[in-house]
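Alright, structures below, take your time with them.
Note that chain A is present in both complexes that follow, paired respectively with chain B and with chain C.
Presenting the complex of A and B:
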């Protein structure tokens, strides 16, 4: 037990908090030129990866990003070999070439054998990475010392971004953003409906290769900062987060770029605070935090908001059912339901409780939300529906009848099967739909027309 | 650029087979260490290959990738809880991480609009990143580092040894051996469940074989395999060992048991060759093994007898050559139906072929025995079809015209649109299939363009026993019996006909609308047989009328 605590203590101890806070301030004050470079670099690659990521996620190529990320390694090593220095230009060329070769190989294997694309990606990913490892160990043995930085390609080190790198990143980001903006319509169309795009004469394959090239380029500029292993997260996670938040591609691309930039900056900052920890994992942790938040709290697609909606619907159903039963108990003698001129409704709690098979106290408690909504007034032993309450109740009964009629007449369900279906739908029928139902059932005398009670109690 | 090639050349030392192949084995000390390395590699490769086969056939290769990363988090958490990264803690931690990854991916995929591939990507990168961050924080406290976890350090993992029966055995080898044994036994015991869960989960669910449970068991087994291979070859290279040997076997066989054996063999082979490659290049052992494994996949991809690129290309080439030959035979037949000698020069110009191609084609046809030269003196050489060639030409003609008839009569395509399709399909249809089409169409005599359809090559050239339905107007024969395989429910209707058994007859009429045959014997008595009846009656064909 003490051992466990000790180990956990290692995790949480982070030295002097004031020192960390000082570092934090120092990072964001941007006094340090190196900090400025790092931050600019991370923002740029967050922007380029985020922009491209949306298309990758939409095309379900998510794992291709991972394969390409790994496929870069031999190219990096070969680029290094050109003059045995970390010359960014050669490494860039080697890496892009190697990534493109990888993406072509995945397609080639898939087309010319029964190997499915997932296995093809796996083979390319690990094969290239294995080759890269062999080259890397070989280079390390041959040129001890000068290759020190190559290891950083695994997990990335934002602080290693130099001014030259920054210039390259800037150019590449501009190219990527311009390309995406210029070909936005084509990219969107080929991502959503490839056969339609082909049919109207868009260069579908061309778009695919354009995207692959842009991805390869984006991956290559990200390696140094994020590392090979976690690169794909930089592409997929911001876009997936955005995908949970919106239904519009333009908004998605924008949000995804925003999340990429935020996470890039956040990761760089954390890495700075933690004495140059590898940046890649930290960026990914920040991204994961965004993703989980969106997964839980996205207004439309989030877990929590969906649960809230469900509970709200549940309470509403319960409330309205009670309202309806008050109304029905009171009106049980009357032959028609009129929405426009509801009769004043007043029944004793005891009768209602008996009807619902509950105790009067319980019914009283359940009636409280109705009172709160101004649908009912509670007296000592009886409940009176207000005018709004009575109207709402009449509407509900009417919706119920309409739906019941629809199910029996149009869907031709037997009468003893419709009850439960009608019971649920009456709470969610919108006025337009009610009118449509009326029209369909050819009872379109007017909205206010009375409808006879069905044979239900 | 010159520098690049020189540097690249520096990277590859000269290969000396004595030094690179024999040296690791020549002294007893080095032989023992080589043996442990190769053995460990083989064990890792076998374990991965066994699991990998199940991943490949289910299209779960990338789940393997994901899990081989996320076990890192399992390891770190296991360390936090128990303070060790070896033994049972490691296995339990990894298994939990693997199952958790699978469950998280499934949950994300099911409860949100995120597609499965993106779900895999998001989950595994996040969990792995989390693991790496924790590990960095714990650096110095735990005997595990991130580079090690990714790339693996073969030699170091073998250092930890224990004494068994007086021999020093590396702990990791023992561990791996038990994993392989447990895996093999488990696959043997639950083969039926695993097989049905892999290929038909719905069916498996219906008969109560619990595919979901076995899916998660498979994932747990995968995690345990991955984590035990981890120390030797590293996470990413485990992915290669999971996928490459299994994919190699998948290209070579259609049967899961064969695949399991082949993939283990491929894994073992990669381990042995990889060891020598790493010895030769003085590079990472795990990396070399992976390169060899992927190389073996490449070999299978090219040379697999049935699936391979080359085998497929050869099949295509053979078909193209045959198409060419058959087209020429048909062209010859059209020019000279009675296999008259014709001037080769005329043919060459009419077919617009170059001289060399023409010569080659002629050689191939002569070689196949379809063509013979009458006079072979250069410009005035003449050729003609042999009997085999003629038969071949008739068969092609028949296929072509029957197919045209089929397309017009049954598919309803206009008769002026059917030629190109028939031109292609005549090279592909087998003789049995053509006879089926013939039967389906009621043994037609002319095609939609009014051209005669040649008879089935057999009945045309040799007398023998055939079904009556193959006969045409003017044919002479004797009924010799009934075909028991065709009779079935027609036995009564055939018996009622009271056919003239043993008497010579002629086919005097064929009704193409009713598809019936009318036969007349010498005394003028006639019988009319329906298609089904004619199929049942066997006749000895004694002579054919004109076509």
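Presenting the complex of A and C:
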């Protein structure tokens, strides 16, 4: 890591961006066959993990992804021991079998004891991983010198992807995508409401095992590049990121697959730019970056977006309250105001400032947003509401009164409770709701209220 | 013709503890039937066991004289609202479409006919304007109506509803009552798990009183008597749950 930072610091200081740019171009020109293999591999595993991740997250199986990732290790070792070489077929078979055994064991423990599934997963995860580590150490002793090449399964090494591996990854990815597309409605329903799915005769158990098998093979093709330790990030992070961005399952699955691929390619590219920085961890860092961005800036659920909405509402309330008080100060004395024919509203800043208990300079500053909206005009010592401004003010006052009357008459709140509740409601009442209020209170209101009902200009 | 639902000697255990003992009952066609009893009486369990959602220890269930496996499409289901995650990324219409999946069969996708059916079902429960909403933004009563619309989209002859009235607003309550009346007029059989004794006699044609065993089943006016209600809710039956505890102990 310090190496990374130093290199980065040197690059930034020397301003030698042409080197980086050159590497970047070289990477995307895809002339280097090893670049092609790594990039293709990372795209494939991003796609398969991203696609399945949505169902894992929605079914709350996130921990299961992690435990299956660890559960493959003994299978990998046993697969290796068949021929004492890194024969991808045997390793694949061993790993998938071992992962499925692990997932079955989790279910078995949960069904036949009082242990809950999170503890069962933890037990299986650590037990299998321990067994795998023991086997791995033995293998390294056995093959001392000739390098078993199994170490990369722990932390991952994308450059170790061979052409044979790539073919296998391609096949597995095609199978995963085809299965998810074909059984999309079944996967969606069993994830949302399993008992309903059973009631209408869907093979829920079959869907569960299908999903487990797909997850197991996705894990197995990914561990070599990403490593057991970081693997669950490939399944969970892209899907969680997508979940923050959309309310449609199809979009979520698509986005999740896209994020998986983008992060895969991004990680591979960054690794190349940094001269063989570790690809797997970089992919995970890119994914984490995606997640943080979505967490902050997602239009609906993002933290920053929510804060921005809150501030907007706050400024709006402040603005409109000021507008209202200009209007009310100006109107005090004239009992009836028509919304359709607003009289020119004009008061001195000094009077307004006195009413609000603030200095004239401060009031003048606060009035600026109103001028910006075309609601008011500022002169040397007085403020005049424009026609739009006066109409909006009348509307606000009317909404407030409507709400106040609704609360006292229909909800029968005592008067001293009403004022606080009605304080801000006039800023957020939508036109439909205002009409509904009017309808409900449609009696002989007009003489009680200084404002006529109905006309909106 | 055999009855729509016939239950014979049904015993169900939950985590090895028997919760329903030897239920024998045949439900008549074209009625709205309430399953009534105190908390923990096994009302939902009975419903789920009849539908084959939980395994039973003994006994059998037949639908129009046939086993469940061949009759699943005849059975519509409204589960308890709390049984699903309402943050799931689907729209109201997506949920209602799920009702058509049984008839569609595996791997076939819903098309225009199914979507039109869903719109009609949503209209029946007064939710047509919500069809594109995300389900997380619905109130409790609206969620209940979405589940009812989904069951309607199943177009079944028999309906099972698990506590549809619990915690809903007045508008939803009357929507459900209307719906029950319509289903009955169409000759369908509806089983409703219910735990409000006050409303039970006005909602149901027949009532099944349940407290771990079947206390009584019959037309509401015959069954909804002080004597039978006392038998259902009274303390004498607690002996059953104590016995269940001992059964469970011997099995552990």
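The criterion applied here is as follows: the second predicted complex is superposed on the first by the 398 of 457 C-alpha atoms of A that agree within 3 Å, B and C clash if a C-alpha of one lies under 4 Å from a C-alpha of the other, contacts with A are read in each partner's own complex, and residues count from 1 in each chain.
Just so we're on the same page, a residue touches a chain if its C-beta (ideal position, glycine included) is under 8 Å from a C-beta of that chain, and two chains touch if they have at least 3 such contacts.
Because the structure is predicted, anything quoted here is derived from the model rather than measured.
Chain B and chain C, once both complexes are superposed via chain A, clash.
Touch criterion met: A:243 reaches chain B and chain C at once. Counting residues of chain A touched by each partner, chain B versus chain C, the larger count belongs to B.
In the superposed model, A:303 lies in contact with chain B only, and not with chain C. Once chain A of one complex is fitted onto chain A of the other, the partner contacts of A:196 are limited to chain C, with no touch recorded for chain B.
When the two complexes are overlaid on their common chain A, residue A:3 makes contact with chain B while staying clear of chain C.
In the superposition on chain A, contact is made by A:182 with chain C only, not with chain B. In the overlay built on the shared chain, the residue A:215 is in contact with neither chain B nor chain C.
Using the contact criterion defined above for the overlaid structures, shared-chain residue A:84 touches chain B, although it does not reach chain C.
Stretch 420-428 is the one among 150-158, 384-392 or 420-428 where chain B clashes with chain C after the superposition on chain A. Of the residues of chain A, those at positions 243 touch chain B in one of the two structures and chain C in the other. Touching chain A in their complex are the following residues of chain C: 48, 51-53, 72-73, 75, 77, 79, 83-85, 88-91, 94-95, 98, 101-102, 104, 106-107, 109-110, 134, 136, 150, 154, 160. Those residues of chain B that touch chain A in the complex are listed here as 1, 3-4, 7-8, 10-11, 56, 59-62, 64-65, 69, 79-81, 83, 108, 111-115, 117-118, 120-122, 125-126, 128-130, 132-134, 136-138, 141, 146-147, 150-151, 236-237, 239-240, 242-244, 246-247, 250-251, 278, 281-284, 286-291, 293-294, 297, 301, 307, 309, 312. Looking at the complex, you find that chain A touches chain C at residues 58, 182-183, 185-186, 188-189, 191-193, 195-203, 243, 246-249, 251-252. Those residues of chain A that touch chain B in the complex are listed here as 3-4, 7-8, 10-11, 57, 60-63, 65-66, 70, 78, 81-84, 109, 112-116, 118-119, 121-123, 125-127, 129-139, 141-142, 151, 154-155, 229-230, 232-233, 236-237, 239-240, 243-244, 274, 277-278, 280-285, 287-288, 291, 295, 301, 303.
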